[in-house]
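Note that the chains take the letters A, B and C in the order they are written out, and that residue 1 is the start of every chain.
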């Protein structure tokens, strides 16, 4: 395979902070060989992270973010819903860019790792994630 | 295009925490095709992030960093200006490495995203950022 | 060189929060040309960061993590040792994925930068890091 393959994944996140996208990323890579998979979020109030889902960490992350970036704080950024200023600081800490090595079409994630879209903005339930795959010739 | 192209961008940051480098990164990629652009900061007290600039988030990030990493705390790292110890913790949270997918020479950033050099160290106003572009053959 | 080269580095971390892996990453890249080196941690309670080691920042990071993610907080994730819930939030902030540009087999790190495995989980002293190198044809 030559060239970079790239496509956009569309998500409906509603008001959830976290959306597990592991399955979609794995499907995107499944017919590809060895290379690097870039997971990139083209939004200014969201990021992408890798952690275990389904055991409480989603809720723990929500609490930690609330203590790091309290919605009630006085933010200079004042557009949108109350507390929206903090949504804009989030991607400085939970980056919108992530790279995952892929071998023989399989993500090299560990057993307990999931790829998670993290979005603290409740005003935009329709979101996109760009998936790109770069292999050597 | 074969091989990786790489060059160093030189910045004069003065005592600003944040410097928007989107234009320079876009110009670096403009004559290239599809691939991954690595933005890498070779300094131990700076990182690179993606967020919206010009609407207050720069100031919000400064406040959040001051609450996460208070300059007045007792840091084990004690070289340089008072509070310099916290500058050395910053890149653990705002990574010096970022990858952005590029299609047909254009960064795939969202409308409100900018690439931002983040440097809380006021002692070194001259800084570098390494830009590298990797395409498949 | 064509294709992606990838191998697993095995670490014995004991109960240390941080392990400097710069030497191992540099050795992995030493016989390769220009390209991107992915450093990827396949564990759900660890990440990888770049910062200066040997001057106190390791201890400073430990204090900052304890204030951001206090072990004594009530976490929803309750498996393992007390405070283990916070270990699972750590990779949302200290990502398990990092990319470093390599030129002529040399990491383009700055003088004071080291690549550091960060693992707050004391229950699993045997750890792995996947190193991958992608070059253009």
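What to note about this one:
Definition applied: a residue touches a chain if its C-beta (ideal position, glycine included) is under 8 Å from a C-beta of that chain, and two chains touch if they have at least 3 such contacts.
Keep in mind it's a predicted model, so treat the numbers as computed, not measured.
Interface of chain A with chain B: the two copies contact each other largely through different residue positions, with under half of all numbers used appearing on both sides. Rotation angle relating chain B to chain C: 120°, from a CA superposition, given to the nearest 5.
If you average the Cα atoms of chain A and of chain B, the two centres end up 19 Å apart.
In chain C, the residues that touch at least two other chains are 36, 68, 93, 95, 99, 134-137.
Those residues of chain B that touch chain C in the shared complex are 1-4, 6, 36, 38, 40-44, 68-69, 73, 75-79, 85-86, 88-89, 91-93, 95-97, 99, 130, 132, 134-137.
Within the complex formed with chain C, the chain A residues making contact are 34-36, 49-52, 55-57, 59-61, 63-64, 67-68, 93-95, 98-101, 103, 108-113, 116, 118, 134-137.
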